[in-house]
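Got some structures for you, see below.
Next come two complexes, and both contain subunit A; in the first it sits with subunit B, in the second with subunit C.
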Partner chain A sequence: MKKEELLTTASLALLELEEGEVERLGEEVARMLDYFEMMTKLDVDGLEPTTHAFQKTNRLRADVLNNNNNNNNTNNSFNRPLIMENGNDVEDDFFVIPNVL
Partner chain B sequence: MGDVLVNDKYETFVGLEIHIHLLTESKMFCGCKANYGDEPNTNVCPVCLGYPGVLPTVNERAMEMGYVVARALNCRLSRKTYFERKNYFYPDMPKNYQISQFQEPVGVEGYMDFEFGDEIKRIRIHDVHLEEDAGKMIHAGDMSLQDFNRAGYPLLEIVTEPDLKSGEETEAFLRAFRRTVRYLGVCDGNMDEGSMKCDANISINLPGAGLGTKVELKNMNSPRFVRRGLQYEAQRQASVLDEGGKLIQETRLWNENRDITESMRTKEMANDYRYFPEPDMPPFCPDDAFMAAVEEAQVELPLTRKHKLMRKYSLSSEQAEFIHDEKGNADYFERVLALGAEAQSVYTWLSSDVQKELNLLNMTLTRSPLSAERFAELLRLMEEGQISGKIAKQVLIDVFEENEDPSRIVEKKGLSQISDPAAIARIIDKVLGENEQVVQAVREGEQKQKGFLVGQIMKETGGRAAPALVQKILSEKLS
Partner chain C sequence: MKDLEGWKKVLTDQDRAKKYREYITGWEKKIGSLLEWKLPEPGKYRDDGSPLSAVPFAVKDNIAVEGFKLTCGSKILEYVKAPYTATGVKNLQDSGAWVMGKTNLDEFGMGSSTDNSALQKTNNPYDTSRVAGGSSGGSAAAVAAGIVPFALGTDTGGSVRQPAGFCGIYGLKPTYGVVSRYGLTAYASSLEVCGVCARTVDTTRSVFHAMRGLDEMDQTTIDFETVSSGVKTVGVLKVEDGSLSAEVAASYETSIARLKKLGYEVREISIPAMDYVVPAYYTIATAEASANLARFNGMRYGLSPIFAESPEDLMRYSRNMGFGEEVKTRILLGTFVLRSGFQDQYYVRAQKIRTLIRQELDEIFAECDVIMLPLFPTAPFHHGQSELTSFQQKQADVYTCLANMTGSPGLAVPSSLEKGLPVGVQFMAPPCGEERLFSVAEELEKVFPAPRPAGYSEEWRS
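Let's look at the complex of A and B:
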């Protein structure tokens, strides 16, 4: 595997790799790719891809609102204070993060 | 402004990605309310906030709407559709992927016909797929504020082939498309409120040379801006090529304040979304009952409706254009006709006096006090000679203001026409008696003065005297 490919893959996953890691992971990922390579050699002509492990289909829900509404008639689908508590930084009912623009 | 500015040395290719917000009660994969304008982070839950361990479940109604649109756009419908994860990092999407469709969308390979000038154009549809919207961010100073009410809102994306040839044509297509989704009742089509969005890709090339270097255009918030953005961009690309330059594949933003497109600086790395099937959601295989419901939801589409109005009721193209714009109005029009009214007179009233009243009161026809029944009754009263055209206009206003039947208003206000010859003769005698000099002048040949007498008679009766009778009896008396 080319080093460049590994770095591209890492940046797509938002991973920062140090020089030593690049070496080590390069080898490990290459071994995985070899394994996939082996699988691609199998003859799968005429087989439908198995996209899902379970063969169950059509799990749908009716178009109705949650009724876990515990915020006094405001149609809130979940308890806002509880949800906001999980934010690292919160202001005026918004979650706050560093400016990403 | 037309496309005249565009260098006609080149051929233009435009393709669209249209996103529509589906008119469901709840979100795509959870039971949160799908609604605009609520307080930030009120319509949120662990599913649409992307908490680990949650189980998203497809909204049945959204799935049905997806198939309904795909069917209306003549797509090949998927017998086994499934969702995939589109992976990217951006804080408006806390899961770090968007649930979308890729390999097996609900529909592929469709087309839509629309009218452009005198021509019927056919635009091919690449695919129709379901996905979820992202949250909203407000950038302020050194921070970004996140509101996830919109995250998980059901979206349907319609991707066209690059078959459109100009900004003008694209605008016409978008208006026809908007009308179509409104007819189907799946989206309100309001581009200014963001419930319908449109990104375009555009390339130009010498005729016969096929597609050129593709530029993506974003940030056009109305069909008009789509046209202007594309016109500007075609012109810009032509200038680059004319000067011997090379176009680069990039994304540009329409700046509506400056009327230009601007390059959006992005990282050079091409997007690689690494789609893979969403493991939390099994595929959906529509059964016969589902497909029957999709068929059931089909309506006569706008273009067909327009042509029917022209054929069946002898409306002109412009008249039919006006009547068919909203499905509710076209239905209303046909209902009034079914109640016995005559097409031209219904059209005339709808496009003038009724429209004026609706604009004044900021109402839509179908929700106004003027029901099809009341409107037909008003026209009937007029046709039967019970009220004059002038009185009818007053009664129309009264229907809007008092929310009552025209016949009731006519009765209550004593507006019915005086069509008893004896009664009219009495009034005429009175008026002639009061205007002896004018009568003399008319008898001596000054016919113009006759109009004055008619005016006095109408005034005397509050406009209620049957005009034809007045003319007839007055002439007899003056001869």
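Let's look at the complex of A and C:
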């Protein structure tokens, strides 16, 4: 894998690699991609791709708002104050993000 | 229930609670299995008489438990607190069991040694210079040391079973979809499940029964159907010479001999697509990881810089500071295999290979009730990469990642001690065939129960 390819991939993944990492991670990624090449030896014609082990259909819930805050798995809402506690900086019900120019 | 009975007073009896605390502290200095732990105030917890009531357990730190952090072994989530409780854990809490702590892991579950944790080092209770396996190394070590009777882990490619083998205990990877993944921090959604590390087969079964069930919060949960539990025929994977270390090969032979002695019909089997399982597995796992881990960007929570030029820079800095090298490597790989122009070459091909592997296993399960195969090619190795490089550790997932690719259940069973180190063996059953696994494991347990490391004690409990 060329260095530019690696850097393009890193930028797509929003990863900024430092100089040493470009070498080390690049080597590891290249080694794995070589290994993945082995898959081309197998004839896969006529095989359908398996995306999930057993899932046959989607299960849908009723499209209703549920504002229950009691952390009960039978509803689809969350405990908002507990979630907000994780914010680095919070104002009312909003996350305040670092200053960006 | 015998194993669990002995635990029922460590939380409720003041004297025993004190000894429990001392026992945990003593072991933790040596093995570092827990990232966080706390015991209830004496007298606060009561036993209502049901099997799991007042029994303490630990949970891998990539599974959400309200009241604890949810670090995933990563710097990026080091101070994040879980805002809710995972369904599997909730089901156990509803059965009366009590979460006493969170266990160490390879960052986001990526690794086979727990050395990839950014937060703490975890050692094997049998030899602290060696790893406990991974990625659920903390859970396996805590159970092996007798800190808890069971602990929850997650298994994406062997992360419950391999450390269970390294620590000489039982490790269950349930059928995909039978236990809810709600509250599990996603790494590779189509492969991973919540599993159980435990000292006995009986405890493994009780915990599994309490955890499982349809969950409206995880649309991939399935209605489990019971597959008959009787086992007569065991398919034993023929292993090529040289693919296992001498110790592991000897242990494998020991287990084969035991099966024959117990009266099972043992049939040699082979899986032709086996050579392709690891590349296909890592293609799928890294692709899914690159998508799942995209959410960690320092924007709302988690590690972030105090200043950035642009929102995109902020995300880049956060991810660069927050993720370790193994995680970055896998994100890069996954992003690459999903890039336009490469998808058919890697991702789609890997999914087709997944179909082929399932077909081959279906044929085997038409003839055999369960199959036995190794867990890992070596005994617990030393910390660092001097014995097995990161690449070799990935290749070594060959025996375990099979069950994740097909969704089948797998169980690690203690096989022997070799030069003082535990070696395990693995059983696989067709989907929803967990009872078959327990049935064989229980017969083998009578011959060789889970061993005990030096320093293991139950005296403080009685």
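Keep in mind that, in the parts below, the second predicted complex is superposed on the first by the 74 of 101 C-alpha atoms of A that agree within 3 Å, B and C clash if a C-alpha of one lies under 4 Å from a C-alpha of the other, contacts with A are read in each partner's own complex, and residues count from 1 in each chain.
Following the convention adopted for this analysis, a contact is a pair of C-beta atoms (placed from the backbone, for glycine too) under 8 Å apart; a residue touches a chain by one contact, two chains touch by 3 or more.
Keep in mind the model is a prediction, meaning the values are calculated, not measured.
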Partner contacting more residues of subunit A (subunit B vs subunit C): C
Message: One more residue to check, A:93. First (subunit B), second (subunit C), both or neither?
response: first
Query: A:14 contacts which: subunit B (first), subunit C (second), both, neither?
result: both
Message: Going by the contact rule set out at the top, does A:62 touch subunit B (first), subunit C (second), both, or neither?
response: first
Message: Under the stated touch criterion, which partner chain does A:52 make contact with: subunit B (first), subunit C (second), both, or neither?
response: both
- line: In subunit A, both subunit B and subunit C touch residues 12, 14, 51-55, 58-59, 61, 71, 74, 76, 78, 83, 95, 97-101
Residues on subunit B engaged by subunit A in the complex (per definition of touch): 24-26, 30-33, 35, 38-46, 49, 57-63, 80, 82, 87, 89-91, 137-148, 269, 272, 274, 277, 279, 281-285, 287
Message: Which residues of subunit A touch subunit B once you look at their complex with the stated criterion?
response: 8, 11-12, 14, 51-68, 71, 74-78, 80, 83-84, 91-101
Task: Using the touch definition up top, name the residues of subunit A that touch subunit C in the complex.
output: 1, 5-6, 9-10, 12-18, 21, 24-25, 28-29, 31-33, 35-36, 38-40, 42, 44, 47-55, 58-59, 61, 71, 73-74, 76, 78-79, 82-83, 85-88, 95, 97-101
Residue ranges of subunit C touching subunit A (in the complex, touch as defined): 66, 80-81, 83-85, 87, 90, 176-177, 182, 190, 215-217, 219-220, 222, 273, 275-276, 278-280, 282-283, 286, 290, 294, 297, 299-302, 304-317, 319-320, 323, 325, 328-329, 331-333, 335-337, 339, 345-346, 348-356, 358, 390-391, 394-395, 406-407, 431
